[in-house]
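First chain A sits with chain B, and in the next complex the same chain sits with chain C.
And now, the complex of A and B:
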């Protein structure tokens, strides 16, 4: 366990100093601060627009940060030869991969934590709506599980795919899993759909991760969604995320264990 | 003496689209004794780094077998008593020298900061222990690399180009540290292009070319075959020709003759002969065979398909 923690800590230290990630975080924070100004541009309820916009910024920036952070993680270690000094020590490859992953989501957690603070300040202090602010934090919490899942997909793919391809592939999986999941799921369950299309829909809705289930807070995406038992829903979503992450990491470990570095 | 590294027909092959299966390292028989500094030489792409990766169990051999400190390749336990410093190593730049040692120490479960202080002092970085790696010069980075490699008190160190790209002062510092490792009883396996450096510090060397060991042995034995140049006046060319010495050359110079003979020739007899014929010896210059000569000769011979070596 000690090597995993050591590698995770080093990964956090490096991630929070990566300029490209800090720039993304900076832009997201600025956008969060100017978000209230955009409410006046819409005819819809100012609060609804603001909520949707804030969650959208957090989700989009976190997704870009999660993908950028993880797709280069393993290739960089190989390119800089750091991996050799580490793997020549009593560190198993699965420990290395797990340490990198945990470090990545810890760094992501810190960055999302900062965005959560900004959101809380935004709604609690500026808008005087602490209730909404805390409600949004729950939404960001679900996004964190979503991003951890996304990072595990990127991490798994990074064990055998070049970073740039991985960036677009993971991004594509995220888009389909977020925006197209419900469509593919209903298509899969449609008895009148053509065989090939149904098989494709089954593949997408079964194999690809369901990122959409973590967007319950965003009324702009799911305006008509009604959750009967929110607690149970959240627990199920977290369990689904943890199981999927575990599968992705085990897959990544098995591939990485056999890979020549 | 026990072997620190022993390989038997160790081979690593990769699939190439153009050439099918290609042996990057082929039938490698390597023998490194405990407590020696072993130089592993070869041109770029000869298979040096692939060999090191196999010995470190970072990659698996395609065929053959190997033992590191008596344990078969792939035995995880051996990682506790070996260390590796790669060529141009990168360390997390935001960390200080002390933090680097703490990081690598934690991979072994080592938390002894007194030992870390001692190692920083050993590599002469104790005054810079609060500087981050990004503030380190190349030489300092190489020294912190050696310090991290010593964190587990290894019996065997693998150093890949330890002096590559360093200035003469840093060269000297690294060389002294490596020589110190031998005095401490550690085995050092050095992969290097710096032939003059290797010649100064290594006990034995192996030259690998196109994945095959071309030469291996004690440096003193491999470097036999130097020449001696005798500058002579007062005797004629025919005097030396009459000696019928194998592999000798006679050159005319402004002041007389230059007689170039193998170092194993009986120099005293030649000198006595010159004096007996009223000649004079004006100079005796031994031309030692250099590792660079051996290296070039070996690599060229192999490239030309000469398998006599």
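And now, the complex of A and C:
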């Protein structure tokens, strides 16, 4: 376990020193602060638009950070040959991969934590609505699970795919994985949808990770929505995420174990 | 004990991975998806979903997480289309906005009104083929926003005001609206339910509801001790006045006598009044009909519904249609079907109207071979002073041609109904009808040399001024 923790710590330090990530974080933070000005663009109440927009910024910027953070992690180590100095010590490859992954999500957690603080400040101090700010943390918490899942996908793919290709592939999987449930649901609820389309949508949404499971903004944006048993849903979704992350890491370990570096 | 070999560990990991793949598929399908679909799906409409008008690229918007913002911006954009009269461009925006943010109640309400009322021909007759779409939007919107009365009310209003028929539907929607707590914030809206019960022939229920809303209005009036809110007093007085009127009408139209099984001979509705209907239809040019006729009823407020439709128009019934019967809804009306509806305004016991459909070939495509020109009069839609004679159920109405008074087309009431068959060739003046004047008339039509086509001039046939 010690090697894993040591690698994770080093990865966190490395991640927070990367300028590209810091710039993304900076832009996201600025956007979060200017979000209240966008309320005038909507005919609905400003609070609704602000909530939707803030959650959107957090989700989108977290996704970009998660992908950028993880797609370069292993290839950079190989390219700079720093991996040799690590693997020459009593560190197994799976420990290296796990350490990298845990370090990545820890760094991601720090960045999302910062965005959560900005959100809290924005709603608490600027909007005088601490309750709403705290409520939003629940949604951001689910986004964190979503981003951890996304990072695991990118990490698994990074064991055998070049970073640029991986960036777009992971982005594509995120896109399909987010729409998968919506498409499947749309087909399911439409009595006129052809059976073949339904089956295909089911297959795709079953195989690919369902990122949409963590989009739980409904209640936060529209407080009048009636959500049945949200706690149980959150638990189920987190279990799903943990299982899928495990699958991705096992896949990554198996591939990375055989890869020549 | 020997350590397991590397390949052994790999096999075990692979097996574990495969097991987990199966597990996640089952867990996702049975433990996550159903709850997600019920609670968080952007497509919550379920069976009420309007299909066929949302493309995949539109769904992509939902991904970004800015649904409400994009919906707001789009709806602001739609304003400019309203101003420029570009109504077709508004439809996809309505669909997109309601998909992105299904809680925009005003978009649903405005969308229903827009679809139901704004698509008209050159003579301002609205395109009835859009009605199923407007109703479907109301159905979807109300199921998405069942915590407020608003879209139930709007849908009821569409049935009541625009369709003005099948009043059981309007009652059903209004009962739902009345059951949602926030309608009490605008108490006058509850009054509509009594009106609808009356239109639906549920007179006792109408009376009961007037009493219910009167009690509520009285409580509000007493609570407003300083009498600051004039609308509270006004609402109470209006309800009281309507209730008094209804009681008088129930008495004069023989409602109480009828319930007690007594004869109606001594009441206003007896003897039945002969409406003396007669009609002559002339195809004066291609797609242009001149409809002349006689109707011996006091003219003030009298309008006879006139429909020209495909003989096999889907879900059509005599004098109307079951507009919410279709299962597949989209914002695209059936372009190959024809449904024209207008009102014939009666003055001096005559009507004379020219219906010109030649300038709107997309609205009136005339692609079928056979058509029905229907004349329909429902006493329940009539104003009160006419109902005072005809009664709520048409018991005070008759016609020389007794077959024109139908008891089978609307349950529990006597309606006037007469239909003429026309062919495509007759309407388009083609083939055998080319160069001829196509005329069809009923036996009871009375010829006249007077011109009744201008409804704005001439003396009205009020009692004492030449009328009956």
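We take it that the second predicted complex is superposed on the first by the 232 of 261 C-alpha atoms of A that agree within 3 Å, B and C clash if a C-alpha of one lies under 4 Å from a C-alpha of the other, contacts with A are read in each partner's own complex, and residues count from 1 in each chain.
Convention: contacts are C-beta pairs under 8 Å (C-beta built on N, C-alpha and C of every residue); 3 or more make two chains touch, one makes a residue touch a chain.
This one's a predicted model, so the numbers in the text were calculated from it and none came from an experiment.
**Q** Counting residues of chain A touched by each partner, does chain B or chain C come out ahead?
**A** C
**Q** Is A:72 touching the first partner chain B, the second partner chain C, both, or neither of them?
**A** In the superposition, A:72 contacts neither chain B nor chain C.
**Q** Check the residue A:250 against both partner chains and state whether it touches chain B (first), chain C (second), both, or neither.
**A** In the superposed model, A:250 contacts chain C only, not chain B.
**Q** Quick one: is A:6 in contact with chain B, with chain C, with both, or with neither? Answer first, second, both or neither.
**A** Touch status of A:6: first partner only.
**Q** Report for A:101: first if it touches chain B alone, second if chain C alone, otherwise both or neither.
**A** neither
**Q** With both complexes superposed on chain A, which partner does A:144 reach: first (chain B), second (chain C), both or neither?
**A** Neither partner.
**Q** Which bits of chain C are touching chain A when the two form their complex?
**A** Those in contact with chain A are residues 10, 13-14, 16-17, 20-21, 23-25, 27-29, 31-33, 35-43, 45-47, 49, 51-52, 56, 59-60, 62-69, 71-73, 75-76, 101, 103-104, 106, 145, 147-148, 327-328.
**Q** Provide the residue numbers of chain B that touch chain A in the complex, in ascending order.
**A** 53, 56, 58-59, 76-77, 79-80, 82-92, 94-95, 103-104, 106-109, 145, 148, 152, 158
**Q** Taking the complex as given, what residues does chain A use to touch chain C?
**A** Residues 38, 41-44, 48-49, 51-53, 55-57, 59-60, 175, 178-179, 181-186, 188-193, 202, 205-207, 210, 212-213, 215-219, 221-222, 224-230, 232-233, 236-237, 239-240, 243-244, 246-247, 250-251, 253-254, 257.
**Q** Hey, which residues of chain A end up touching chain B in the complex?
**A** 2-3, 5-7, 9-10, 13-14, 17, 80-82, 84-92, 260-261
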